[in-house]
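Below you'll find a set of structures to go through.
Okay, so subunit A shows up in both of these, paired with subunit B first and subunit C after.
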Partner chain A sequence: MASSHQEILRTELRWGAVMGVLVAGILGLIIYAALALHISPPSNVERIDPKTLQLSDEFTEQNLGTQVSGDGRVTARIVATQYAFLPPCVAVPLNRPITLRFASPDVIHGLLIAGTNVNTMVVPGYVSQVHATFTQPGETPMPCHEFCGLGHSAMLGRVQVLPADQFKPDAQGRVACAKH
Partner chain B sequence: MRSIDDIDRRTAPLVLAHLWLAVVAFAAAAVLGGWQMWARSPLPAPFSTPHNYFLSVTLHGTVMAYVLPTFFIMGFGYFVAVTALERPLPARWAAWIGFGMGVVGVVLAAVPVLMGRASVLYTFYPPLSVAASYYIGIILVVVGSWIWSALMILAMTAWKRENRGEAVPLVMFATVANVMLWLWTTVGMGCELLFQVIPGALGWTETVDVGLSRTLFSWTLHAIVYFWLLPAYIAFYTLAPRAAGGRLYSDTMGRIAFILFLLYSLPVGIHHLFMDPEHGTGFKFLQTVLTSLVTIPTLMTVFTISASLEIAGRLRGGHGPFGWLWTLPWDRPMVLATGLSFVMLWFGGLGGIVNMSYGMNAMIHNTSWVTAHFHLIFGGTTVIMYFAIAYEIWPTLTGRAVQSARAMNMQLWLWFIGMMVTTLPWHWLGLQGQWRRVAEFNYADPIVAAWAPYVIVSVIGGLVLVVSALMFVWNLFKLQRGEVSVAAPMSYAVAVYPPGRVPGMLNGFTSWNVAVLVLMLVAYGYPIAQFFIEPAPQAIVQRIR
Partner chain C sequence: MATEPLDLTPEQRAAEDRTFRRGAALAVGVVLVAGIVLGFVVLPVVQGASVGLDAWSAICRAIGVQPGTPIARQPSSEAAATPVSQVSWGPATLGALRNGNVARGAQLSRVCDACHGAQGLSSDPQFPNMSGQTAYAIYKQLHDFRSGARKNYLMSIVATYRSDQSIADLAVYYASRQALQHGSIEDPVAANLAVRGDPARSIAACNACHLGNPGAPVETPNLIGQHKEYLLNQLQAFAHDTRHNDVYARMRTISTALTSDEMERLAAYYAATPRP
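Showing the complex of A and B:
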């Protein structure tokens, strides 16, 4: 207890160095993950009018679901609405990059797909976009994880991860979930 | 050192009114929390419908977020102002007006919630819209707390005028730091409610800019947690070292820690919006960096308080690098609570670092991991110190003596055990992808069925928490009806080197408020301005009636 002012200051400065190393280490890892591993949160600030969402080009009913474009890129367009995802089941290819695009015509929703990096809010007024590659075949739940009204608990979509031999686009390039 | 009665006989009822309201509301909300866990578990629960569940979550959240901490902190603040500054509270009548506004606000908000007509949790979620009196009630609680804020600032400036050049006692300096933090904090949610949510609820507007409302709420959402947390830190610095029989290692470090909390709890709220589409990566990354800096005052505090307790342990005959831990008086509630709080702080803090880690947030956003994190940091680390503070100041407030600390220590242990048993499985479930805010899970699904054992363990933890919460009320009730004693004097920890004079910057907040303003302009200036530069398409207000 016979610490002098100098001793107290010395121990505090030593701890200060430890804190500095800790914070710098954490930040370093985050920067490494963001820049080298390309792990960033979904952040395309892309606006869309929720009031006319289903009349717009991209999110009209016949345009929803998974589509393979001429150059082979795969995109799924999904509407999150009270209390369902449209389409309720999304077909995605195994081990092949896909872009998921979500929009809401009514209130705030959100979703996650466990075991993947897919996790985003769906805010009316914006398109939420996530890039993902699914590496586990089979069916997995895609629940709404944000309170969207009394029916929120029932808002549960599905994702079917299909191997290449089952991921067969039709003439328009569309892929739907396999029937059980 | 004088008792509260010598200084200001009529402040004690004011403090007790605030604290009892907080305590009773807390116990009721804890019971609801226990029921909510039961309703989501595979065990059959009574009354379990989505309507009841979301009503309950709204009540639980509103009480735990806006009623318990606000009234507790106000009451404790009045107590500190009188006992630490040793002068009567200025304008006590205004304090009662603030309390009255708070009570009216609580009733206005509670009525629609209890009728099941305000089930928007406590985070509002516009464009969902419910009875306006729910939001107006919350605004009234906040306005009542602004009166408290003004009185705290008034008390400190009056003391400084009478004691020119002297250091404001650390406990009051920290309390006013929390006042400043609170005033800044309320701006975001206040603007959201006044300019967006309430006009929508009253039918004056038909659409709402949801991106803006989420951004304004995020302004409040992180800083408010530090407003709740700071009384725990105040107890660490100014009550625990004395209760342990030691000295505060450094008064200056305490001042710097509270200033850093004021600076770095505010410009960080966008880390709650990492998974949102209305903000770009730039500001998300900037606020990640700023959030990482808020670990510094916590790491400083862990160091200073450990050193202070080490002094106490060594004075009591402890030897060796860790021997002093065993000689500490763990039978004293304040010391025990501080130890248990630190354990929960490590777990909760490490979980929080994952949350703020930018891209890594995608792993756990809106899963039970987050619920676990904030229950551990607020419900655990913070609320266990509220218990200890109440036990510490009740004898002074009521002039009754503590007969035995055993029931108090048992209550604190139960709270700690209950919180750990509840939140450790939640962390695990969150990593498994268990999502938030649902009234029930379908345990027939094999993925969900695998969670069942963890969910049941957490329900048992919840039951322990409910028992502990009720025991807390009972302990205070018994204390209040205990034997009359000579009013216990209130004293705060003395530093190893008590400050005589301190630099002006460590004795007031003017320059720090300017610094907060600059930080907020940098961190939130463009993220808010973007909604006005290029207005986003609005969503239609959806009134639930």
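Showing the complex of A and C:
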């Protein structure tokens, strides 16, 4: 166990380098996710009063769901509440950029759509906004991933990704999920 | 075992400390510069570009010298509010309930006795028991009858012209009264839905909200000891959308997922469940 001063220093530097590589690797992954996959915390700060959310213009019950505006932009407005999403099923177009806007009238919820960059908390008092493009057709679950109370485990929404020929807005530009 | 001496001369130690200081300073400097470049330049520019923000304003906003969120103003929704209930649980409502006058509520409740019973316990199972219900639930329903959010041939008339304070007084009066004690029934199907729900069908456990749990929506009524007929009527009304004053369709969503057999069982289960 001959440990010269030099050897000790070398060992320390080697381990230091290993830790450095680990930290750099993890940071690299985060940066890659942020730049290439657009996965990052929402940078958008927009406040909304949770006490009067259902009395508000935008998040009133009838305005929820997916809507195509006159200029062709697609916006889905979804309320996360104890213990369901409204609408329970969100229709979105395939391969077309859309904006998802979430709000909560009660407690902190969260949601995640697997295989996409949609992963956000829904904090009462704020609008959570996510830009996304869905590239896989079909139906995906959208579970609440932030413990929101005793019914949390049943809080499961759905997302239907519809190809262009099935994504048909009605006269008001609204699109609903296809019935099974 | 031959060991080299670990202690160095003061000169050697000073030289080594210098090298280490330089190395550490360099490492910290590199991390700092990389952090600044990434956080204030690379990330804002790349992510800003995806929402149509030019590089310079993206950098300014990241540093904080230029205000501006949301990044992309949404097409402001043209929709006008069409709330399913006018009640909001702000300080005004909660204050009215906190200052509710039980004695005045008792006086006002004489009008209700004919249907809801002198003790707040009705003999006709169409009409709900009121005693032991939460003040929030009663306030919300009376308010909804008054605003037209919920409709009933009798209640819509009775609730008209009642002030917010009268509604609050009635609510606290009934909430202060004792509920009826009931027996209990064994029904594994209903018990399972009540206690566990059915996550596969997005049905949350009824008890998650309806057992007076703090943390659930405040207006959720107690179901225990309520009449079976009344409960079943309400479940069916929600399922057929003839009653729709549940904020954000909480009950409409769940009741459409329930089968009529399950509704029947749940109504019987809650009617017979004793209070904890």
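Criterion: the second predicted complex is superposed on the first by the 151 of 180 C-alpha atoms of A that agree within 3 Å, B and C clash if a C-alpha of one lies under 4 Å from a C-alpha of the other, contacts with A are read in each partner's own complex, and residues count from 1 in each chain.
The definition used in the following text is that contacts are C-beta pairs under 8 Å (C-beta built on N, C-alpha and C of every residue); 3 or more make two chains touch, one makes a residue touch a chain.
Computed from a predicted model, the values in this text were never measured in an experiment.
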Quick check on the superposed pair: does A:95 touch subunit B, subunit C, both, or neither? Answer first, second, both or neither. neither
Check the residue A:110 against both partner chains and state whether it touches subunit B (first), subunit C (second), both, or neither. first
Once the shared chain is lined up, is A:121 touching subunit B (first), subunit C (second), both, or neither of them? first
Partner chain in contact with A:45 - subunit B first, subunit C second, else both or neither: both
Considering only the touch criterion stated at the top, classify A:149 as touching first (subunit B), second (subunit C), both, or neither. both
Which of subunit B and subunit C A:133 touches, first, second, both or neither: neither
Dual-contact residues of subunit A (subunit B, subunit C) 1, 3, 5, 34, 40, 43-46, 51, 106-107, 129, 149-151, 153
Interface with subunit C, subunit A side, in the complex: residues 1-5, 9, 31, 34-35, 38, 40, 43-46, 51-52, 54-58, 60-63, 67, 69, 71, 73, 75, 77, 79, 81-84, 86, 88, 99, 101, 105-107, 129, 131, 149-151, 153-157
Subunit A residues touching subunit B in their complex are 1, 3, 5, 8, 11-12, 15, 18-19, 22-23, 26-27, 29-30, 33-34, 37, 39-51, 106-108, 110, 112-115, 117-129, 140-141, 143-153
Residues of subunit B touching subunit A in the complex: 50-51, 54, 119-121, 123, 125, 127-128, 207, 209-211, 214, 247, 249-250, 253, 273-281, 284-285, 288-289, 292-293, 295-296, 299-300, 303, 307, 311, 314-315, 353, 357-363, 365-367, 432-433, 435-440, 445, 447, 496-497, 530, 536-540, 542, 544
Under the definition above, what is the set of subunit C residues touching subunit A in their complex? 1-4, 6, 8, 16, 38, 42-43, 46-47, 50-51, 69-72, 74-77, 79-86, 88-90, 197-199, 202-205, 207-209, 213, 215-217, 247-250, 253-254
